[in-house]
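By written order: A, B and C. Residues from 1 in each chain.
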Amino acid sequence: MTGPLHTAAELAERFALRLQGDGATRVEGVGTLARAGSGQLAFLANPKYRAQLAESQASVVVMREDDAAGYTGTALIARDPYAAFAKISALFEPKPAREPGVHASAVIDPSATVDPTAYVGPFVSIGARSRVDAGAIVGAGCIIGDDCVVGAGAELISRVTLVTRVRLGQRVVIHPGAVLGAAGFGLAMEAGRWLNVPQLGGVVIGDDCEIGANTCIDRGAIEDTVLEEDVRLDNLIQIGHNVVIGAHTAIAGCAAVAGSARIGRYCLIGGAAGVVGHLEICDKVVVTAMSLVTSSIREPGEYSSGTPLMDNRSWRKNAARFKQLDALARRIGRGE
Amino acid sequence: MTGPLHTAAELAERFALRLQGDGATRVEGVGTLARAGSGQLAFLANPKYRAQLAESQASVVVMREDDAAGYTGTALIARDPYAAFAKISALFEPKPAREPGVHASAVIDPSATVDPTAYVGPFVSIGARSRVDAGAIVGAGCIIGDDCVVGAGAELISRVTLVTRVRLGQRVVIHPGAVLGAAGFGLAMEAGRWLNVPQLGGVVIGDDCEIGANTCIDRGAIEDTVLEEDVRLDNLIQIGHNVVIGAHTAIAGCAAVAGSARIGRYCLIGGAAGVVGHLEICDKVVVTAMSLVTSSIREPGEYSSGTPLMDNRSWRKNAARFKQLDALARRIGRGE
Amino acid sequence: MTGPLHTAAELAERFALRLQGDGATRVEGVGTLARAGSGQLAFLANPKYRAQLAESQASVVVMREDDAAGYTGTALIARDPYAAFAKISALFEPKPAREPGVHASAVIDPSATVDPTAYVGPFVSIGARSRVDAGAIVGAGCIIGDDCVVGAGAELISRVTLVTRVRLGQRVVIHPGAVLGAAGFGLAMEAGRWLNVPQLGGVVIGDDCEIGANTCIDRGAIEDTVLEEDVRLDNLIQIGHNVVIGAHTAIAGCAAVAGSARIGRYCLIGGAAGVVGHLEICDKVVVTAMSLVTSSIREPGEYSSGTPLMDNRSWRKNAARFKQLDALARRIGRGE
């Protein structure tokens, strides 16, 4: 990546980092420690990559104090080099040009309001009584139904669907293909046929949340489905109706949270993990990838389920024994 | 939620429920037992919530005969309070206004037919020889390819894709982002490269089915992929080519059914569960969340796989032993 | 399926197959061995279906030499009947008519280029500096952002999103709802809040790859996310940022590959399988359905995790014992 030109000294000042070496060193892009070349800035955060430092061709490297001892190149010293790098590299991120205004092809209900500083792209449809606030971006192909709010500075990259009664806070970012506010999966059986339970609630997304591509968040049955502020959802995640997710929780791709589950603050839910409905997970819980949470978790900590990967032949033998586990246990005197 | 005004007596008559208490009690919305206020109707189905009844501020509560004994408020007595509530709450569901007709921006092949009582929204594209029947709704951004049928009263909420040869029955509901009729994953290896096996079949969806957001149902290789009537699929589900799903079966979010599997009637497949291809599951089978079905199931009942969630430290110790399970079993005299 | 008319002799010559029986036999469609009728061609590849051969009403059957001994109908003899069938059945695949040119409703940035032999459908948006090469098809509702390339002969069926910096090789096929080039899930925690790590890389898709419906491939953080040539991804798959997938690898539906994982060539990853980030899988590895790969795999072969499906009552008993597995093992003298 190459972009606008900066100097090491300027970056140090701007991001409150200590400069070690030549402040005039030019930075016009970023790279990995292993592959960055002249004019590029890299970072060293994970000690695993320390050996790469000596050979790195990066012009400037962001690193911790102790990694910088003896480093002869130009360094920017940070307590958290990854966070510092994140902020610096934002300078080089190309952003599509989007002038405020509504594209001629957009179809907007007369009762909807779009702030004049917002951008509404081609092939966007906005329903009755919906509102797009100041500075918001509604990218191409987004479909916004009735009674929705897109908060100030929010960005719907493109092709996002807000079905109905979806209220997004400020600076919320939603990636393409995400569907918020679809009717939750509420069914009652009557006389041998399914009866739909109307889903009358909405979806409330707190400020600074980010929702990944093709992720689904259903609207509530009676009350709302809620994400508190700064929740981060990766791609292809399913959030059932009436789920509540606490602030600053992050969930990795392909996870599924069933209806009415409550997840605390500062939790980390691993990829393809599952959370059964109507249970509670307290704050600061880590669930590892592909684990299934089947009852409430009341203590912070890391939780897992599943079995280790094995060559298929060994796995078959051991897995077959899993069926005998209770009998085996009884035999050796436990559980009798 | 507030909506049109009804009285308890009127609701009792309309839904054939027994009224206990003041028939003149006004109902203008619904709520949960815990949070409903004046003018709202709630329900009590799960005995777990019985304690909430005494404190509920709901004006009317739908409940079973035996829960109503001693209840001094206004009650509607139902054999199945949840089903009765579902029907009552439908009175309060806001529906987007959709006048019959085709939006000016829609692009419709001259050989396609759209019934004059149907609604076709903005940015819809309809391909050759496709048909939209009476009263159907094709929401904004739907893409319908060639040779498709949208049955009478069916509703494609918005941004649904029917790729080709997809025939929807009457009153089918499809949520945004769903893709029906994409080419199934049929591959043959020849000379070290993949060769596509053409997917010449279609998809047939029976009357009253509902398909969740971002769910995919591939078209068949030679014959069709089939959902019988009243099948309910949640969000983000994958249905492979030539799968057949029996009437009244419901599948929860993120489940995956591989090609040519046959699932019976009245089955319940849990969230993120998997069904391997080319096998059969008989009627009335329940598969719990995240379980994997690897061979045919011939007896009704509930089935599971997986291991319980544990704190990570305990899990690591136990999971490591899973690798020794066969050796352990041999050692204690089983399997020798 | 019925289509254009061919004869057995003509098919034999065209696909270099040996003809046994009447070369004048007419073929105007294909079918399964069990259900094909007069005028239809079927195939026998899996020995499991051999018994169906005697009763098949198919006019022509593609089969192996040894299955053809004693067969009195018309046969086409192939070393690989499935591959031969794939090629023959392509003759009968209906293709939507798509004349080269750009639909009047498409919105194309002045700096983008579209080859005059390419097709661009209705409601397509193409961003700055993007390029659509000769013979490519960009179906209805596709959203292509800035700096993307759609290679010659590539086909975006419909409603595909290329967010930014996505370069597709020649003849790449992408199914509806797929999202390529969304920002990867890169987060740093600072002062109790998430900080986005800009995702400055792109996505590079090799020639002849195919990407399933609603599948997501995130763009890289600094370098690119890469699929080498002839990689096949099914539906609803998540590919994290900076993943590299080797040529000819196929991944089944609902699988998830976390960031920076490297998967070799000629691998087969089963449905709903997971691959943890920052690890390597060598060439020719098979991972079975719903298995989780948590460390690098350095030997070709088949790998699995998980437990067998059981009736729920037995499963509960055995699963409870899993929690005691380490204690049990210690008790019987292993691990002490």
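Please note the rule applied: contacts are C-beta pairs under 8 Å (C-beta built on N, C-alpha and C of every residue); 3 or more make two chains touch, one makes a residue touch a chain.
Here the structure is a predicted model, which means the values were calculated and not measured.
Enquirer: So what angle, to the nearest 5 degrees, turns chain A so that its CA atoms land on those of chain B?
Expert: With C-alpha atoms aligned, the rotation comes to 120 degrees.
Enquirer: Since chain A and chain C are copies that touch, just let me know if over half of their interface numbering is common to both, same, or not, different.
Expert: The interface is built from different residue numbers on each side, given that under half of them are used by both copies.
Enquirer: In whole angstrom, what separates the CA-based centres of chain A and chain C?
Expert: The answer is 26 Å.
Enquirer: If I count partner chains per residue in chain A, which residues reach a count of at least 2?
Expert: 105, 123, 141, 159, 177, 214, 236, 254, 272, 306-308, 310, 320, 322, 324-325, 328, 332, in rising order.
Enquirer: Looking at the complex, which residues from chain C come into contact with chain B?
Expert: Where chain C meets chain B, its residues are 1, 30-32, 35, 80, 82-83, 85-87, 89-90, 92-94, 96-97, 103, 105, 121-123, 139-141, 157-159, 175-177, 208, 210, 212-214, 230, 232, 234-236, 248, 250, 252-254, 271-272, 289-290, 306-313, 315-316, 319-320, 322-326, 328-329, 332-335.
Enquirer: Touching residues of chain C toward chain A in the complex: what are they?
Expert: Within the complex, chain C contacts chain A at residues 105, 107, 123, 125, 127-128, 141, 143, 145-147, 159, 161, 163-164, 177, 179, 182-183, 185-190, 192-198, 200-201, 214, 216, 218, 222-223, 236, 238, 240, 254, 256, 258, 272, 274, 276, 286-288, 291-295, 297, 301-308, 310, 314, 317-318, 320-322, 324-325, 327-328, 331-332.
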